[in-house]
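For reference, the structure I am asking about is given below.
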Amino acid sequence: MWFTSDNAGPAAPEIMGAMTQANTIYSQSYGSDQIMDRVRDKIRDIFEAPDAAVYLVSTGTAANSLALASMVQPWQTIYCHRHAHISEDECGAPEFYTNGAKLVLLDGKDAKIEPSSLSQAIANTGLVGVHNVQKGALSISNVTELGAVYSVAEIEALCAIANANDLPVHLDGARFANALVHLGCTPADMTWKAGFETVSFGGTKNGCIGVEAVILFNPDRAWEFELRRKRGGHLMSKHRYLSAQMDAYLTDDLWLNMAAKSNSMAKKLSDGIANTHGGILLHPTDSNMVFAGWKRSGHRAAQNSGAHYYLWPTEEPLEGDNDETLTARLVCNWATTNEDVNKLLSLIAK
Amino acid sequence: MWFTSDNAGPAAPEIMGAMTQANTIYSQSYGSDQIMDRVRDKIRDIFEAPDAAVYLVSTGTAANSLALASMVQPWQTIYCHRHAHISEDECGAPEFYTNGAKLVLLDGKDAKIEPSSLSQAIANTGLVGVHNVQKGALSISNVTELGAVYSVAEIEALCAIANANDLPVHLDGARFANALVHLGCTPADMTWKAGFETVSFGGTKNGCIGVEAVILFNPDRAWEFELRRKRGGHLMSKHRYLSAQMDAYLTDDLWLNMAAKSNSMAKKLSDGIANTHGGILLHPTDSNMVFAGWKRSGHRAAQNSGAHYYLWPTEEPLEGDNDETLTARLVCNWATTNEDVNKLLSLIAK
Amino acid sequence: MWFTSDNAGPAAPEIMGAMTQANTIYSQSYGSDQIMDRVRDKIRDIFEAPDAAVYLVSTGTAANSLALASMVQPWQTIYCHRHAHISEDECGAPEFYTNGAKLVLLDGKDAKIEPSSLSQAIANTGLVGVHNVQKGALSISNVTELGAVYSVAEIEALCAIANANDLPVHLDGARFANALVHLGCTPADMTWKAGFETVSFGGTKNGCIGVEAVILFNPDRAWEFELRRKRGGHLMSKHRYLSAQMDAYLTDDLWLNMAAKSNSMAKKLSDGIANTHGGILLHPTDSNMVFAGWKRSGHRAAQNSGAHYYLWPTEEPLEGDNDETLTARLVCNWATTNEDVNKLLSLIAK
Amino acid sequence: MWFTSDNAGPAAPEIMGAMTQANTIYSQSYGSDQIMDRVRDKIRDIFEAPDAAVYLVSTGTAANSLALASMVQPWQTIYCHRHAHISEDECGAPEFYTNGAKLVLLDGKDAKIEPSSLSQAIANTGLVGVHNVQKGALSISNVTELGAVYSVAEIEALCAIANANDLPVHLDGARFANALVHLGCTPADMTWKAGFETVSFGGTKNGCIGVEAVILFNPDRAWEFELRRKRGGHLMSKHRYLSAQMDAYLTDDLWLNMAAKSNSMAKKLSDGIANTHGGILLHPTDSNMVFAGWKRSGHRAAQNSGAHYYLWPTEEPLEGDNDETLTARLVCNWATTNEDVNKLLSLIAK
């Protein structure tokens, strides 16, 4: 029973199979492989974006940082939620790749940016001209870091504010598929049609080994992106193994099926906890992450029986007489089973 | 017949098998996987360096740049050969990761640094105090970018010059195994015993999918290295797949056997060309790379029959009446066969 | 009547005289001038810090950024008040000089950092290890950007929190003399004895042409500071003209007398506004800055009669029937006269 | 007798007078002063460039680095002479300000770039696409670091090569006036008409206190330049004192008269050494710098009698029986007198 993170689980057999298949041939290096040509076509097709530039890297931090660096100047701002992964969990990678752009932290429930918070922050930027950092870009995470999914209307509203100020918008889509499955819209609807210019399209958390696509709907700075990727050490020589993962991921709806599976497991888990005595939910379970609380004794029972997950937002001692409610983050992945969930729920309920 | 690069070839079956094996388990992320514990132990054992810090990344550019950034300050120099990969083939990644350290380019035959060139460059650095960049580190590639291998005595001599000036030394070991097999010494002999502090230990070019180890024999800045790796987007979440590659690579001498194979294929190829009418060798064939020339008509025959390789140092037209000698770079890998080599030689000889 | 900024006023005659005097001799360049030797001695003496390293630069932004860059690593935090000059008014210079360190913004009245806000921010830093930026340094402005002066006890409390977490503390003393005069303590009391490691000691705003000292009470990184200064283009070749300013500034209590004068003018202005019908004070007038409000009609009268100052925090139209209270920032300098203040007060009161 | 550097001498009385005059008024800050308006007009007029953007900073390193940072991307090259100030004497400031652009070092006599060296370097840049740094900008020093002055035809030839490759060209004009006086052409002739886009126009070395103009003939990136200047800490708050220097410098041909004076003193000195027994010249004396050699005994006599200058390229002991020729760099400035020169010559001849 592993609920620590989506990245604790295995890769899908289809992904592994594609790796093996890619291994049978000699190939051009550095992204000139034929599998990449197929991947590019698929992504353009799926996103209804025939001119989009498409690149692969092996980590989400690289995808986000390279995307943002191609969108802002060093003396500009990146507006994001206070709990955004780019702010809290990347050890300053965006600042490194942008050579010091400033993240301006916004508020909002469930790690969703409140539109008024964005408007206010933009209005406050650059009031004294050259003395201030200047307006740069907006970055939105969908799924958010607290498991919520913005509706299409919500992201349209945020993008509209940004675009009205001539700011490009970046999507941190580390859990893109989970959000898409929840929304039931098209990939275009939740990206460029809503106002996004650049997307980090995650694969790693959803059953791949390690691959993320960066999609530039505005290809004007595509060559710059390629140079930044190389300069960051993120151009894989045997790139075909990235391509192969993404190719399989996008074949026969594998990506959507895996996300649907992990979302449904999370929902089942979430519902179960809500129905447990003392169980509470901290955030809506829109995707594959559950933020919930239950009795300390239930945590003890679960962890003593081999359940892996993190108390949230901070670790707490499980021992002690006080049977208060402790909160946790539980993440499902494509391989999470009904048995896993049922077993955890039964332990919690003890 | 692919001789474009070592990275054009497939990964070894053992590597693929380890990936599959790693995929059967849930695991901690970000380098806390148990396979990494095993890898660390193996590398410390192989290098007779029980205190070394060991990290994995997915590209050679990342390994080199992160290693160098942990060795020099932004206002310092990195001495390297004029044809070093870090100077010519990484799009300025060392400058990016070090925040602007200065590569000082040295001369020498076969891309080996001439000791007098190093001594002179060091002596010329920092003569006017604060106005100058300051002495930083030395970086040596072994195998060199022109296929030569420094003897242990040669690297000892260079390291001695650097160390006498309090400069740490970095080894770009993208083809470490090929050099080691050629030298027949121990890994310790060609690294810390010779005076190196930090090693980029390559796997990608020698039968892996994409994995390089960085070995810090001086672990004082290990934590800094970890932060730089994360900040550079090079900490893989599903790190176990890097670990698995390196684990298999170091098992049952796989790494040595593959290097021995590619070295021997290169030697066979090199000897064959030397014995061909009009054939010349540009550099010694100490490893798995052959720099050689033969008649334009032989190139035409080879490439028309499906041989892949690059003319070197620049592309030239294959057509034309003038049957002069054109030079090329030919790289063998672990999967290069006798048939490949024989076929190429027969085409060349036409 | 200029109250826009302390930097709108002239330099003191003593400063100009020192420049003229410095111009009569040939001199070593780049800080090796004999006047600098005298300046160094004076600052060490005034601060009771015989081992301090002392450097001069020509702007406050350079002083702050170079000081901070010598105190934190790129992957670390700089804790500061939300309204700190380094956050709001330097166009990201600290991020540029530190190669991307992260400013963590703290709250507190009158732009003074609330100790609990600092404690909380430190406690929240680095909880997830390598994924987070790490604890770096604390920067305190005294005088604050809203004209308040921390008591010695207040800065001791903040420094104690920082030092208990092994964080060095930087003082942005752009208005150092104004704070010192207000506090009536020794320079040592408000700096190293309170727990500061590095001080930006301003001269420009207090009657100089353009000179700031950076004082490193811990000289371990003095050489690094010198290299950073040069690399930032802040090592003046004809450095004697910086030295001369600072030398005169510190002679015969000129610095203290000028600060006393500007503080007293601000107090007179502040008291006058408080006694004006409709007059309000936004922040305590501890130094040479007054943040106050009065009737729109009074602003109109003042500005039409040649008073220069900025409405604060944002410009507002002065025309209109609505005679509501509008707020402003008024800054006195050493050359501000009783006549200036009286005239402004009489205009406001109309 | 100071011949160590042009920056060892005093500022001109006219410059000091302008400082005093600027001190009599209150003024807008940060470059909005009225004196700057006048400076801008004068420079546009002198350069016949009505659209040029003009900025002032206080050091040559700042001028060069900010200019170059506005011309190249971090992954691009800056071609310059091996002995260029930006390469040898700025502690890596160009790398810092550009975030790691690569200086490609060119050869040529008297520190003049040989056109074929430039052509070859450009031709060798970026041959392998994304793996290489890309072509960026050319930087030319006129006067060169070895005292030579490029003819207009020579700079036109270099600019033509650069411009044919779409590379903008920067002029390090730390000794602009000295070159101009030597050439007898117009400022436009030796800048934009020859193909330069950006000029560092020095004042400090030629009788100012510390001021350099940066002139952007292509103002497209003027706002970016302003942000970079602020972010680098180079926007002076009391900017009027920079303006005042430059204003006086450009009034009544002061700048030209001072340069003519220092050039003529150098010529006199140079001729005198050439006519001394054992005297040799290393480089042409086109400007205010003399690179020359004479007997060790002559050096001893000179320095024992109070002559200040540096042996060149490295210090040598003056004592010893061996009366071989030692070489030196001697720099004249506007205040150098006939007496200074005559006295030095008589000492040398002893």
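So that you can tell them apart, the chains are marked A, B, C and D in the order they are listed, and the count of residues begins at 1 in each.
Quick note on the criterion: a contact is a pair of C-beta atoms (placed from the backbone, for glycine too) under 8 Å apart; a residue touches a chain by one contact, two chains touch by 3 or more.
Because the structure is predicted, anything quoted here is derived from the model rather than measured.
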| item | value |
| --- | --- |
| Intersection of contact partners for chain B and chain D | A, C |
| Chain separated most widely from chain C, comparing mean CA positions | B |
| Cα-centroid distance, chain A relative to chain D, in whole angstrom | 52 |
| Computed distance of Cα centres, chain C from chain A, in Å | 42 |
| Centroid spacing, where centroids are CA-atom means, of chain C and chain D in whole angstrom | 34 |
| Residues within chain D bordering two or more other chains | 74-75, 90-92, 96, 99, 130-131, 227, 230-231, 235 |
| In the complex with chain D, residue positions of chain C that touch it | 2, 4-5, 7-11, 16, 19-20, 23-29, 57-63, 65-66, 90-93, 96-97, 204-205, 209-210, 227, 230-238, 241, 308 |
| Residue ranges of chain D touching chain A (in the complex, touch as defined) | 30, 73-75, 99, 130-131, 134, 224, 226-231, 235 |
| Of chain A, residues touching chain C in the complex | 74-75, 88-92, 95-96, 98-103, 127-128, 130-133, 314 |
